[in-house]
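We call the chains A, B, C and D, going by the order they appear; numbering starts again at 1 in every chain.
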Amino acid sequence: MQRIGVFVCWCGSNIAGTVDVKAVAEALKAEPGVVYSTDYQYMCSQAGQNLIIDAVKEHNLTGLVICSCSPRMHEATFRKTAAAAGLNPYMVEIANIREQCSWVHKEMPVGTEKAIILGKAAVAKVNLNTPLTPGESPVTKRALVIGGGIAGIQTALDIADAGFPVDIVETKPTIGGKMAQLDKTFPTLDCAACILTPKMVDVAQHEKIRIFSYSEVTDVKGFVGNFDVTIKKKARFVDETKCTGCGDCVDKCPMKKNPNEFNMGMDNRSAIYIPFAQAVPKVATIDAGACTMLKKGKCGLCSKVCGAGAIDYTQKDEFIEEKYGAIVVATGFNPISMDKFDEYAYNQSKDVITSLEFERLTNAAGPTQGKLLRPSDGKHPHKIVFVQCVGSRCAACAEKGKEYCSKICCMYTAKHAMLTRDKYPDTEVYVFYIDVRTPGKNFDEFYRRAVEEYGVNYIKGMVGKIVPEGDVLKVQASDLISNKQLHIDADLVVLAAAIEPDKSARPLATMLTASMDTNDFFTEAHPKLRPVESPTAGVFLSGACQGPKDIPETVSQAGAAASKVIGLLCKDKLTGNPCIASANEMMCNGCSSCERVCPYGAITYSDKEFRMPDRTTQIRRVASVNPAVCQGCGACTVACPSGAMDLRGFANNQIMAEVDAICK
Amino acid sequence: MRKLSLENINKLFAAVAEDKTLYLPVDQSDGSAKYSKWAEGTVWSNALNTVRSPKDLFFPQTEDLMEFKTEGKNIEVIDIRKESEDFVIFGVRACDVKSFEVLDRVFLSEPVDSYYASRREHAVIVSLACSRPSETCFCTTFGIDAINPEGDVSAWKTATDIYFKANTEKGEEFLASIEALTEESDDTAVNEQKAKTADIMKKLPLADLTTDSFGGGKTEELWNNPVWDEFSQTCLGCGTCTFVCPTCQCYDIKDFDTGNGVIRYRCWDSCMYSEFTRMAHGNNRLTQKERFRQRFMHKLVYYPENNGGLFSCVGCGRCLSKCPISMNIAKVMRKIGGDK
Amino acid sequence: MQMKEYKPLIVAFCCNWCSYAGADLAGNNRLNYPADVKIIRVPCSCRVNPMFILRAFQRGADGVILCGCHPGDCHYTSGNYYTRRRMAMLFSMLDYLGIERERTRVEWVSAAEGAKFAATMNDFVAQVTALGENKRLEDLRCKR
Amino acid sequence: MQKITRDQLITKAVELLSNGTVSAVLGWQKGEFDYDITPAVFTTEEEIKNNFVYNDFCGANFSKYLVAKTKKLEGKILVFLKPCDTYSFNQLLTEHRFDREKVYAVAIGCEGMADVVKLKNKVDGIISIDYKDDAMYVDTLYDGTVKVDYADVLAERCINCKSKKCVAYDELMGEDGEVIDSARFDEVARLEAMTPDERFAFWQNELSRCIRCNACRDACPACTCEKCVFDNPNSGVENKAPANSFEEQMFHIIRAYHVAGRCTDCGECSRVCPQNIPLHLLNRKFIKDINECYGEYQAGAEVGSRAPLVDYTEGDLEPGEVFERGDNNA
């Protein structure tokens, strides 16, 4: 049985004005467990707190009920008071008799009666309180960044600059991501490569950063501060430590007819290749599916020409296990497939291209050395139609498109249109749009320049159909403002394809037990207040894996994620919230219901041996809660049919005792 | 012997109910019968028997014993017992009448259970002879005569009439109270029916079931019989058999916290339940096998050992028809007796 | 005979992050609602077990209301989504058993919605008052 | 009448036992009167040949037994599963309640099982039953041999059979069936269409018969908790008897709620109720609500599916809207 002290605060006249505090203190004196009860003008004042501390000592109190303002106001204060008096801080309960009583009820008898009931509920709860101690866990001072695009690069640099080692895992042979494929960037029109490649070099040269290119994360175990990650380094058949990136092998390789991914398949590369000139790491990779040496054991030319002796046809996938304290997801995006958009004839005509393909067509390092030429016949196009929102904001066509706005298309299309008109003033440019969305610094000015200075024809309306006929593309569209049908014979059509999270994100989310929305974007811990954290502790979000973003937003989010990681890695130990769930193994069925509702992936299962009533032993699958990961929401406690899962600080019997006290 | 035309049976019920509460089997909406309080319009069931036995009327499933009122830290003990009123149970079959004897030996021996005793004293039992036993009936195994039921008054129902004979002083009083409605009769019709029923009794599938292998003193012999392992394998551990049983007498005493005090009540317990006889040190029967054995050993060995050979099964057959997996005492007896 | 004015007993479960804060805000703004409402603080609306609700009715509550963060705003991301399904199913079952559906409610109240909290409570108390005492899900032992 | 015969099952059981595939067989053991069949674990050929039985009264769902039986057993256990039992089997696997490796499951086509209560309401003094193609012929104490049509004693759960498809097995005997678009929710809809007062009266009448024997729970293949809240003195709801109407209601609400989204609608709860309470109408209410609110969901149709109450979508109905939906349907 507890020895409970009740302390009723007047809060000046805030409480005492409508609640007879003396009557409350008197009434609660009779409650089971209560051995001392008193009232005071300001319980939270130093004098009030001293009064509590003295009472604890004088009456050997084991639990405290403070009838005062909201626990959201002073629960922390009174917990400290309890600790100062030598009590466990979690032996305190607050009866909120100010915000939820004296301030909302005007008549003294009514307020007093309710205050007594609220006090009784708090007493009933404290009777069942148990001392709680927060758990501690160590922190591995190393971060993992998954994805080596601009988001991953920026996050890694910021963390590394703070002095913590960082590993980047990138599935492609080089870091750089989508930004490396871009030509110019809006709204400033500076060259993407000029601002990105120096950062890639910084990464390569940073002593705190390791790059695992051509690699994937295959397994994640553990929890915040203590992740165990398995990384698969895919065999590239080239020894990275020996390869100098000279490119001799690439020149000599006879298998030259492989679609070049970096140029969106608009030209070819050899079987052994370096994706682009500024690749980091600048080492060659053999495409095993294209190499005759690997497929048939014939050729071996690259090995012969390699002065460094870096070619190794026997290389195998390598698995690396590493510990991390924090994980940043920066898996980025891809344009959606155009296969289902038959109306735009993407698969029928080479001259219907996506915006990312257009980027390559206008890039000096691209397949046309930056000359805008039609893919079909290499001629200069004189009439170009840009179609916006292809698959974006497409509620009615959910099976092929996306309901959301892809956010970046309006601006890059304006950029494309403007650059085309700038370089090739003889070209007519049409842009079909639903809305033009330009919120952002200098964005609207940029768009208006495209229209007003460069004479781009913006037409509100959607393209209904594109039919290739001879060497023109018959574009049928509607102009919603003048309300008429348009027929344009275009030489080139550029589709602003919606963007979607990279396909690797979903399996990764499963490994990380990080939650995703229905579009496979990672969910943030709080949409407003914790935008760069996943609900899973220790997992952070950077860039477009969380939602469509342009470069400046990505970089700022990357920095924010880095600062959160740094904040975590700075700590030697993590102190948990002690009000967390725990499973009674004797009653646990191992059914996984709790695991399914846990937003944090805090629940794991293991087979344990139990002694059964008939003196035999039995192996049973039982749940355990990781105290470092559980946030104490209690979702699991209700999902559990047997009641094996309970929440410390808000236990079933405590809440029922409160219900009973209120209802009697 | 007193006789009444069945046409007038409701007049009899009305007369009885005038000064005593009358309970009799009444059909419920699901088709099964239950002992219910008679009121104008109540129809006496034709069912062979009720799902729940009439023991409920002496030993209800839940019964409040006393109450504690708390106010602050004060506690007041309140005896909430009400003086039992006189009542009549009508239409009790021979097996169920016998079950009262089994219960009496438990509740009326020292220390007397005053709650039970009070109800017993205030009750008049009007039994009813069986004329259409079911295949699940095996009362004869326990020496019970379904044709000549005991009770304060015995009754026989024919197609047209009902006949009464008093066995006790209470019974005489009962018959006197309905004398005006009944007429004196000889026992020709009754005897005719008895003979017919006796023929059927012989044909019952369980007529050959005997208690030869059971009785006091058999504990050691039967304790390790393989039947307990074999038959308890699929026992669900529910309480159906015990709760429909007319002789099961185990109960638990529990406190219910009302918020303003405590109601101390007792309720039936079941030896099939994992919490049965749980004590501070834990439970002394840890497996379903042990609990299963307890039920049958109690009925067939321990009880007769302590009660002069009286078995605490009356062969009513309720558990035979209600067990979810059709495991029952008859199967256990057959297996151990080895007579099949 | 003089009838005592019927005062219902309402148990309100409020999540710590939104609704409890909303109730505090109602207090800060001195927005009145009947004292019949008694609040129990839970970390998240998803902590509320259907057994707590039945328990409240057993012990004499005339109405039970659950308040949580608006869908999408849960402090724990998904708690209130589970609450929504659980309570939809539970309340539908209570209704199926013939228990007045007006005795139960779920309301999403944010920390900024002090006025909504007070208005909700006023409305719910009025609704339960109109129904009168909970007879269908009561335990007479608790009323002795 | 069942198409699969006792002899076929015995042959199969003996074969698997003698070739060492399994070390025990979960099957049906004959009783005293042909309808009182007990689930049993057979370990020898002799026992199987003498006591194994299969007929229209073999309604018990064996899935639940696997939880306990697989833990103690060396080797595998053979279990015969009717279509509806295969759903329970999958649901238990989803919840990791037994080790699939320790079970050899033989699914058997089902023609629908008979309800003993229905039969007894028709025929008194059943001594034995002969299953012929056209009907069952019941030998009785009072009326000689009585012909009873199978359809007249078909169990409610079989009249409203949801599926004759076997969704889990190592081996299938007989023909596999299809998922059936049954009328199983009609009775729930009828109750929903009543006024609350009528519904209250209906359930008070039904639940008042409850004797809290726990048979519904103990037979339920979804109720496999190591410690049930109703047996746990610390749970706050434990009791051994239905002390009053509140407890009757609470027991059945919580029982049905705890299996909501996990109940496969096998109908065992109603079959075993000694008081004939239509408990399946509570479970089916949850199933109907779940189907209507969150999309069609059949527990146990596949292993590993996410039960609706441990799932959500952002656009789910609000609790208040669930009632509006009910009104529209009514």
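Heads up, the rule we're going with is that contacts are C-beta pairs under 8 Å (C-beta built on N, C-alpha and C of every residue); 3 or more make two chains touch, one makes a residue touch a chain.
Because the structure is a prediction, the values reported are computed rather than measured.
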Decide which interface, A-C or A-D, involves more C-beta pairs in contact, and give its chain pair.
A-C
With chain centres defined as C-alpha means, what is the inter-centre distance between chain A and chain D in Å?
45
List the centre-to-centre spacing of chain A and chain C in whole Å, with centres computed as mean CA coordinates.
34
Chain centre separation in whole Å, for chain B relative to chain A (CA means):
68
Distance between the CA centroids of chain B and chain C (whole Å) is 46
Identify all positions of chain D at which a residue touches two or more other chains, and write them in rising order.
229, 235-236, 243-244, 309-311, 313-314
For chain C, what residues touch not just one other chain but two or more?
50-51, 55, 59-60, 72, 78, 82, 86, 141-142
Spell out, as numbers or ranges, the residues of chain B touching 2 or more other chains.
256, 258-260
How is the touch graph of the chains shaped: line, ring, star, complete or other?
complete
Which of the residues in chain D end up touching chain A in this complex?
71-72, 94-97, 224-229, 232, 234-236, 258-259, 306-307, 309-311, 313-314
Residue ranges of chain B touching chain C (in the complex, touch as defined):
67, 256, 258-261, 263
Residues of chain B that touch chain D when the two form their complex
28-32, 34, 51-52, 61-62, 132-136, 200, 203-206, 230-231, 233-234, 236-240, 242-244, 252, 254, 256, 265, 267-270, 273-275, 320-322, 324-328, 330-331, 334
Can you check the complex and tell me which residues of chain B touch chain A?
71-73, 257-260, 283, 286-287
Within their complex, state which residues of chain C touch chain D.
50-51, 54-55, 58, 71-72, 78, 81-82, 84-101, 104-106, 136-141
